[in-house]
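Everything on this sheet refers to the single structure shown next.
For clarity, chains are labelled A, B, C and D in written order, and residue numbers in each chain start from 1.
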Amino acid sequence: MRAWDDYEHHSLKLARSGTTGVAHIGYRTGSPEALERRVTAIEASGYKTHGWIDGDLGHGSAFRFEDPFGHVFELYWETRKNTPSAEDSPALKNNASRFHGRGACPRRLDHLNLLSEDVTEFRRFITTCLGSRVTEYFQLDNGRLGGCWFTVNNKTYDLACTEEHGGGNGRLLHVTHATDQREDILRVADIFLENGVFIETAPHKRAIQNTFFLYVWEPVGNRVELANAGAQLILDPDWEPVCWTESDRKKGQAWGLKTIESFHTHGTPPVG
Amino acid sequence: MRAWDDYEHHSLKLARSGTTGVAHIGYRTGSPEALERRVTAIEASGYKTHGWIDGDLGHGSAFRFEDPFGHVFELYWETRKNTPSAEDSPALKNNASRFHGRGACPRRLDHLNLLSEDVTEFRRFITTCLGSRVTEYFQLDNGRLGGCWFTVNNKTYDLACTEEHGGGNGRLLHVTHATDQREDILRVADIFLENGVFIETAPHKRAIQNTFFLYVWEPVGNRVELANAGAQLILDPDWEPVCWTESDRKKGQAWGLKTIESFHTHGTPPVG
Amino acid sequence: MRAWDDYEHHSLKLARSGTTGVAHIGYRTGSPEALERRVTAIEASGYKTHGWIDGDLGHGSAFRFEDPFGHVFELYWETRKNTPSAEDSPALKNNASRFHGRGACPRRLDHLNLLSEDVTEFRRFITTCLGSRVTEYFQLDNGRLGGCWFTVNNKTYDLACTEEHGGGNGRLLHVTHATDQREDILRVADIFLENGVFIETAPHKRAIQNTFFLYVWEPVGNRVELANAGAQLILDPDWEPVCWTESDRKKGQAWGLKTIESFHTHGTPPVG
Amino acid sequence: MRAWDDYEHHSLKLARSGTTGVAHIGYRTGSPEALERRVTAIEASGYKTHGWIDGDLGHGSAFRFEDPFGHVFELYWETRKNTPSAEDSPALKNNASRFHGRGACPRRLDHLNLLSEDVTEFRRFITTCLGSRVTEYFQLDNGRLGGCWFTVNNKTYDLACTEEHGGGNGRLLHVTHATDQREDILRVADIFLENGVFIETAPHKRAIQNTFFLYVWEPVGNRVELANAGAQLILDPDWEPVCWTESDRKKGQAWGLKTIESFHTHGTPPVG
């Protein structure tokens, strides 16, 4: 699967499986040299590595490694760019493929939000292994990190991690696609409604990260988010990470919506 | 064909034909008594009548009459309301059918714009026969009416007439569907682009009537408009018709777009 | 106060007072004859009348009457239309005044929602006195009406009544302004947030009446709604009122939002 | 001046002057080391340098250099971040200042478009001096570059250069601000209309770079663009520059709008 303007062969691969969740998370590096640098850093880090694989559908050889919570990551450089069929060929040559305008028709895969029992340790893992920077975080009163948002580019985040409360391992909180306008999210809410897709929580603007969002559960139970960040980017090279406290969070989301209870309990795969 | 929230069996009937344009224009009256009153007025008017027909797909007996330019009109009361199939059944019972969210997915058929050689005479015809009121009009420097907008309800217009310059008879300028948001029109512009549908003129806001609009030609050449009027309604019972002069029109549309040349020449069916 | 496209001198009059709520509710009739017919019907109804007043700021003589719950209504024909100052003069002559684009900048005052202890009785009152028709209603399992929506035009409602649970008399649930686009409502949510205005419940689409809405409390406590109905109108002259049951309401609003508790308890003026 | 979410003290500085146009263009580098590397590259390039200045309102010492067409550039690292006054303090701590919601209320200064007699030479200049990459370009049939778009981040462009046809030197084609939604651009078009601001060309989507845009001239004549790119970013590290030919450009903008004549002739300051 690809969002219509994702440039690679695919951005999401669905595999037949006995359960839900995410099997591995792949990133393309910025250059072949960057791939080498990352592998060196990962090997030096002491985190578990799976080593090189020969490649997979859509990309070349990849280096696999794992966080302490069981999420498997993969880095690669060689990729197969999307070559649209006639039916998917875009009218404008600066687009990756045709905009069909069905459903939300998101522009790109935007980010993942993972669950881990120790967000501080996940932060150490991802900043060490990917060189990500932290843009915002949620500091619990008990001193632990409740959540943390990371980026390696100008987006305000391309990966997030939230504290796992369900006793699971290597779980996914949600996968997110970005729409061009927030109107797309209101429009698709009606389409979800008409098609019996479970809308977990209302379209709303979140306080952390400012995004306009909607959460649904796809039929087998993975949470899917649609999000729009407007024109927001982090263009400040020495951006100071923003700290949110429990007292901040008590105000709810940006316009006051309370976070829905299932958001704290529903991850995939299910536990037990 | 029906827009998704049109309540009758259909709002547009496509018939196999050797040419384009509109064969007849049907209106449902507000009550059986209103139908009787209209027929009495039409018969008294001296305009050409075709008399009663037994009914047609989707509606009961109808009275047919004709304007001096060859457009055939039809009034009826008995109608067959839409009863959606399971696949088209709406999630919300106050909607006529399901919102599928494909393309512009307009909410309703909104109005027609007809061409006639003498708009003043058309105004006399329609105000006599339908009891419509005039909401806005375009007054040419030569004393003639260049265009006139009519309504029988709270919409600012449900019918318009523009001066015919192509020597045609009974021609259609365009048929218009209303979208819920103007974003829907921007979105469908991309879908038209991707599918090679001819976009005659840019999405823009018009000065007369304030509507946000987009014109395309469907494959056989009829002009189709998508329009959004925002929250605009005429709620003033003694609304004074708004006069637009040639000097007003020189300013272009609301944000300055010049009216495209083909708008004045392209009607259906083609002439000669 | 006027919304920018309201055509009369004002649509909302704020008066210094020791409390909140609505003192009286005025409607302009469709003609002088309609005013006479309404007064005849009201006088024949047995409902309490206050009789004629000479007029007030912005309108001529008016007939006052009262519902069994203490809401005072007023009907008038003669009105003073808005004549904008230079600063408020619109660029387009079919608008009532200039669009300044500040805040939500709603197009018009849309409707009121009143509270009464007996919605069935309110329905009898308003259909008798104004000749309104019922478009949708909420039928409680105990046989009572929980809410009812009325209209005298093509809008799906221009007045609503909800069951009073707080023991108040003649209270207001909220006053509503209509925006041109639902984006206006998302935009103003940010403005409310930035200015410390209490947002009672999230922007969302309601199931009953399909409108996209946002509720805030203005500084002294009256609830104000901003709403957008898209292109929805009732164009069916024999529209069948839509019945919503408690089991329907358990599904929440259109996209699942639960109705906020304060919606059932907060009316103005406060009780006791 | 700052757009509400620009993080520095200001992003646009208006100075009293006898004419229009841009006096100098400042960029903050990604680090102090990046500043050193750039200065080394610029000094080695042979392009005209003005050397270091001590600093200016809002930033520290800066290195000045000049392109062959008279545009003066400036690079600096030390900056004064915005510290909002109470009145401009944002409700959400991840925003640079308060969203007041007046006018288009753009989120950030987005880019400049400069004019030069030799776009190929400008491309050599900017890629050498800033290390920018080319994302799209317009190739004329005569072999020259008609326009070229550059970026140093994930935006599809943060600088553009168009061929100068008016004989000017160091001229500005326009300065652009980014809005969060394209609805903001439609909304501000009405505000421009109401306030007599000259709208040079309609809100439309451009083919090159995909942005939704609107051009106006501010009162003294500089062209100002408002633009929205939706969720579009360049996330492909080996993005292949997109070539547009004259034959491509004959199709007009994305939805068919022809480029307005004044776009090719109006730059600031005016010539002779």
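Here is the rule we use: a contact is a pair of C-beta atoms (placed from the backbone, for glycine too) under 8 Å apart; a residue touches a chain by one contact, two chains touch by 3 or more.
For clarity, every value in this text was computed on a predicted model and none was experimentally measured.
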{"item": "Interface with more contacting C-beta pairs, comparing A-D to B-D", "value": "A-D"}
{"item": "Chain of greatest Cα-centre distance to chain A", "value": "B"}
{"item": "Gap in Å, rounded to a whole number, between the CA centres of chain D and chain C", "value": "47"}
{"item": "Separation of chain A from chain D, taking each centre as the mean of its C-alpha atoms, in whole Å", "value": "31"}
{"item": "Whole-Å gap between the CA centroids of chain B and chain D", "value": "43"}
{"item": "Multi-chain contact sites of chain D, meaning residues that touch two or more partners", "value": "91-92, 181-183, 190, 193, 254"}
{"item": "Arrangement of touching chains [line / ring / star / complete / other]", "value": "complete"}
{"item": "Touching residues on chain B, where the partner in the complex is chain C", "value": "5, 7, 28-31, 81, 91-95, 106-108, 110, 136, 153-156, 178-183, 207-210, 228-233, 235-237, 239, 242, 244, 248, 254"}
{"item": "Touching residues (chain side chain B, partner chain D) in the complex", "value": "182-183, 186, 189-190, 192-193, 199-205, 212, 254-257"}
{"item": "Contact footprint of chain D on chain C as seen in their complex", "value": "90-92, 98-103, 181, 183-184, 187-188, 190-191, 193-194, 196"}
